[in-house]
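What follows is a set of structures to go through.
Both complexes below contain chain A, partnered by chain B and then by chain C.
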Partner chain A sequence: MTDEALIRVRNLRKLFPVRKGFLSSIFSRESLHIHAVDNVSFDIKQDEVLGLVGESGCGKTTLGRLLIRLIEPTSGDVFFRDINIMELSRSEMQSMRPKMQIIFQDPYESLNPRMTVLDLVGEPLEINALVGSESEKEESVAEILEHVRMTPPGEFMFRYPHELSGGQRQRVAVARALVIHPDFVVADEPVSMLDTSTRGEILNLMIELRGLTRSYLFITHELAVARHFCDRIAIMYLGRIMEMARSDDIIRRPIHPYTKALIEATPVPDPSARKEKVSIKGEVLSPINPPRRCRFYTRCLAAKDICSKLEPELVDIGGGHMVACHLYP
Partner chain B sequence: MTISIRRKKFNLLMGRARGFWKAYKQNKKGIFGIGIIVFFFLFAFVGPMLTLNDPVDDWDVGGRRVPPKWFMFLPGHQDLVPNLKPLKTVGFSDNNEISQWKIELSPIGSYSISHSQEGSPYGSGMGSVLLSLNEGASSSSWTLNVSKTFEWKYDAPPKRFRSDVAIKAEGFEGVEAHLKIVLSTPRGDQYTLWERTIKSDTDWFQPEYKVDSYSLRVKMIFPEGVFADPAHKIFNGTGMYKFYLGVCLKSTDQGSPITARIYIDDLSFETMGTCYGLLGTDQWGRDIYSQLAHGAKISLAVGLLSASISVSIGLLVGLFAGFMGGMADELSMRFADMLLIIPFLPLLMILIAILGQSIWNIIIVISVLGWMGFSRTVRSQVLSLKERAFIEAARASGGSTIHIAMRHILPNVMGLVYVSLATSVPAAITAEAALSFLGLGDPRIMSWGQMLHDIVYYAAIKELYWVVPPGLCIAVLALSFVMMGFSLDEILNPRLRRR
Partner chain C sequence: MRVNVLEVSDLRVYYHTVKGVVKAVDGVEFFVEEGSSVGLAGESGCGKTTFGLALLKLLPSNGKLESGSVYFNGRDVYALDEKEFREKVRWKQISIIFQGSMNALNPVFKVENQIAESILLHEKMPAKEAIQIARDLLKKVDIDPVMGRHYPHEFSGGMRQRAMIAMALACNPKLVIADEPTTALDVIVQKQLMNLLRRLKKEMNLSLIVISHDISVLAELCDYLNIMYAGRIVEWGGINEIFENSQHYYTHGLISTFPTVYDEQRKQKFEFIPGAPPNLLDPPLGCRFHPRCPAATEECRKEPPPPMEQISRTHFVACHHPRGWER
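This part shows the complex of A and B:
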């Protein structure tokens, strides 16, 4: 790992307008927005795996899609090396695509049911004209299928997604993302839809395949998985990053009350060892037009006065450990 | 490696086709539909070859409005009489044809009979028979009969009879000829259907009226006049009937040598029966079977062409609207709505009235008015497909809009396309039938709808042999396509598949 950043994210925001009924749109001029990603900045270094952890609905997928510009941000920039991809034209962006890939959460949805494995995995090669002929394509596909342990490749190439198990489908999705050797891969909860036994296989596979690409954004809602796989972890809550540090640091010395709560909520193998301490209250706030204060304020047991008035910034408290909390200046 | 992969690809395709056929075979509706469609295709290709009659232009191939021949075997129809053609061929194109006739001369030896290369301009074929008076004939009057005797073995009279002749006279100096067409019965009655006297040379001429039992001049031979049915009057018993052309020559001027020559061509006689062919005849005596067979061709062509055009339009518009969204979507869908709310048949009629009654206009108008429903289906399918993750995955791989539309959206709407094709065909077939039925069809083309139109126009609704074939064909063909469409739908769009 070098310190040079591969991806630099600056003040990225994504607001989704909330559709209102016809009548209420007449009577109220106030516009409602879901603040899915709200002013997020961070770097992903060369050859680094950054984990993005947060509960469901906090904006992880939206952030991941923004990073490779599958959706347009409301504001903010993403730099890939020195290129601001948000300023690229459509065709320039298309030529950037093979450098950044995404593995989707649901392998049942992300594969076209009417294409064979050969066509699915070969598609990125064809689109980006990385193979000259049909046989070259077959060779590249066979090679990557070996990498994702779908052997012998000839056995699987002519199957349709419905003829594969969930784990095999996700292997195909992984092969699809990696076949063009991207520099950066967003893995959006790649194992969350799989059953526990296959999950381990796919995770091990991804660890093995780290060499095929440079950097990952590994999205998950499970801290344990992130710790296993990632160099650094960013904790996200309601569209904002609350804490970000090296994996070990964040697990051993969590600072943000939300991180602490997350760690406590992580299942422990031995039920008797479970701590009874409750460090969180209330429910997740609605992401629609959140007030200008700490997003965690309503649920934080240690909240102070200032927490309800000012939104804390993400600051480095030393050693690359960053936290956004008024309690830890 | 590549060879075996190619093999595998081929096997994959074959496997898919086989899998589809296996699923289709299970479907009774589908098999029924396909069977009937195949039958109609065969009928449309082979059927017209089995008849020489043109469905539109060949009038009076038999009696008018007569039932099929096989009605004879039904109770109450035993008195049906088929067509009778005593003469194999008409036209005297060679000596063989002359020998069909019996030519009697008196006094014997005063004429010579020969074949002439010159034919009348009326009939088809070359040649005529030439009767010429031998030079130095001594008599002052001569008769000759060109006759054909035939047996009438039916108790009932024919529906109609008719005959024809073309004559040319040469060398008429000091001679005059009396010409007549006569039908004589077994009881010895002689009916002169036409007669004329010529006194000088003439070019080819025909009787000044049709020598036909339907002709007024022929009816006037009888005391009932206009109300007489000559066929009924003359053919009132079985036995040998004789049809002949009689020529009576008389010299009017003893001094000059007599050199009269008479050319005869196109001499014919036939009776049209009270039943005809496989399916009978229509109001002009046209062959209903031939109309039905040619109509199958028309219906299938109109149905398949219109359906393919309208489905293609619907597919393109639906893809465009669903994919582009926004203004393009709004505009094209509002346009579709506009066409949808105008009642279909009146709009069709007005357009045909403006554009003109031709089969191509009908095909175009039906297609142009038939795409809206399908475009909405495609649009909604595209809208839902567009949100699927695999589309985003293709975009993430760098796929362009065109790539995504062709590789991901299109294959996923093809199932709808096949189904819609199958269900649009009967709609187009019935639309064409409806137009023709209402009198807006192509008058040069006999379609099933046109047949139904004629039936209603000529009040033949009780003549079941005429009503049933086109009506049944339209219904059965439409139904079979609908059935095929339903079973395709069950197989290709498996949400509907029965558990």
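This part shows the complex of A and C:
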């Protein structure tokens, strides 16, 4: 891993308007927005796997989609190497697309049921005009199918998704993202729909295939998977990044109270390690027009006065360990 | 000696579909000691939910009970007719927390009314009284009783699951089946729910059956663990014995595939069980796990595994070549 950044995210925001009923839109001037991603800045280094961990609804999927501009941000910039992709025109963006790909969460929904494996995996090659003929396409598809262990490729190429198991489908999704050798891949919960017994196979493949891509953004709600899969982990809560550090550091020396609570709550497959402690109170607040204070204030057991008045910034506390908390130092 | 509150023997449930007969539960022996919490683990499609539904005779119309007996507190409850079963067993003795609380609650009724409904179906009492019990139940599961007057969509995921628990407790059952009680919930909510289940079990002296694919949830909640594969129980034992001394290769695989957040070193390699669970329309001959088993022999391919063999007082396995244990 080099320290050079492949992706630089600066002050990225995405607000979704909330639709109101007819009467309330007449009587109230206040506009409501879901602050899905709220002023987020970070870098993804060359050849790095960055884990983005958070509970459902914290904005991690939205952030992933913003990074490859599948949706438009409200404000902010994303630099791919030196190019600000938010300033690109439609056609310029299209020529950037082969450099950035996405693996979706649900292999039961992300694969077109009417297309064969050959067409599914070959589609990105055709769209980006990377192959000249049908036989060339078949050759490239066969090669990547070998890589994702769908062997012999000839046996799988002409199958439809319904003829594949969940694990095989997700391998097709991985092959589809990696077949054009992108520099950057967003993997949005790539294993959460699979049984734990088959997850490891997909994760191992993604590690082995690092030669075909440079960097991953690995979105997950499972800290235990991120801890082993990722070089660095960012913890997201209600649209903000709360803590970010090397995965060893964040697990061994968590600083933010939310990170601590997440680690505590993560179940351990070991009956002798049972714990009942939960250092958190209440439930996740609504992301609609959150007040200007620490997002975690209402659930934090150690909150101080300042936490209710000022939103903490993400600051480096040494060694690249970043944290957004008034309690530190 | 502790008494068994539930004893199931040779339970078989087959689904008759256009493609053929799906043997979802195929000869399951199962029991629950009074006051204990028993886990049922397995991958999706292994028959664990079907097993839970069969205990309450709530199978879908194409699911048939082919054989088996269920004794509850020493009484053969499968011998009861449907009316008696509904009046005396279902919900009064055995209840279930259904999987997917999002879909299990009726969106057009207030939560307290839904809980009261299940009480009124079983007890003769004024509706007002039932509502009061419903509110007490909500309080018991840490929901503000005032919320009872609200509709399910006004509840968060964790609260809906709590409401489902309250509903399962409505008639003071002895045994509660929790089918994937924390699946699709975030870890913090999951932790709170597990603490709640543990507390209720103690307070109300419940016995629990917890069905889950998530072996770490079962590790936290259960005293005993059954491992189910392709319609059969392949290993059963005390929770510590299963985790420390698993004998079946499937059990071992299931446990080792689960990453732990506390590992000192970062692993760059993940464990997995190769292949996929078999199609129960046409399960493999011999041991059903043999196509995925690292230790399969000719015997495993041809001969069905021996019946459950005893390893210790509370540990049984059905395998031709158990791991590290000499007969």
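Throughout what follows, the second predicted complex is superposed on the first by the 327 of 329 C-alpha atoms of A that agree within 3 Å, B and C clash if a C-alpha of one lies under 4 Å from a C-alpha of the other, contacts with A are read in each partner's own complex, and residues count from 1 in each chain.
Heads up, the rule we're going with is that contacts are C-beta pairs under 8 Å (C-beta built on N, C-alpha and C of every residue); 3 or more make two chains touch, one makes a residue touch a chain.
Quick caveat: nothing in here was measured; it's all calculated off a predicted structure.
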Clash or fit (per the criteria above) of chain B with chain C on chain A: fit
Touched partner set for A:L238, first chain B, second chain C, both or neither: neither
First, second, both or neither for A:G154, with chain B first and chain C second: first
First, second, both or neither for A:S247, with chain B first and chain C second: second
Which of chain B and chain C A:Q94 touches, first, second, both or neither: first
First, second, both or neither for A:I7, with chain B first and chain C second: neither
Residues of chain A touched, compared between chain B and chain C (which is higher): C
Minimum Cα separation, chain C to chain B, after superposition on A (Å): 8
Contacts on chain A seen with chain B and repeated with chain C across the two complexes: none
For the chain A and chain C complex, residues of the former touching the latter: 55-56, 165-168, 195-201, 203-204, 207, 221-225, 227-229, 247-248, 251, 261-274, 276, 278, 280, 283-284
Of chain B, residues touching chain A in the complex: 1-2, 4-5, 8-9, 12, 388-390, 392-400, 403, 407-408, 411-412
Of all residues in chain A, those that touch chain B in their complex: 65, 68, 70, 94-95, 97-98, 101-102, 104, 106, 109-116, 123-124, 127-128, 134-135, 138-139, 154, 157-158, 173, 176, 180
Chain A contact footprint on chain C (complex, rising order): 43-44, 156, 158-159, 186-192, 194-195, 198, 213-217, 219-220, 222, 239-240, 243, 253-255, 257-263, 266-274, 276-277
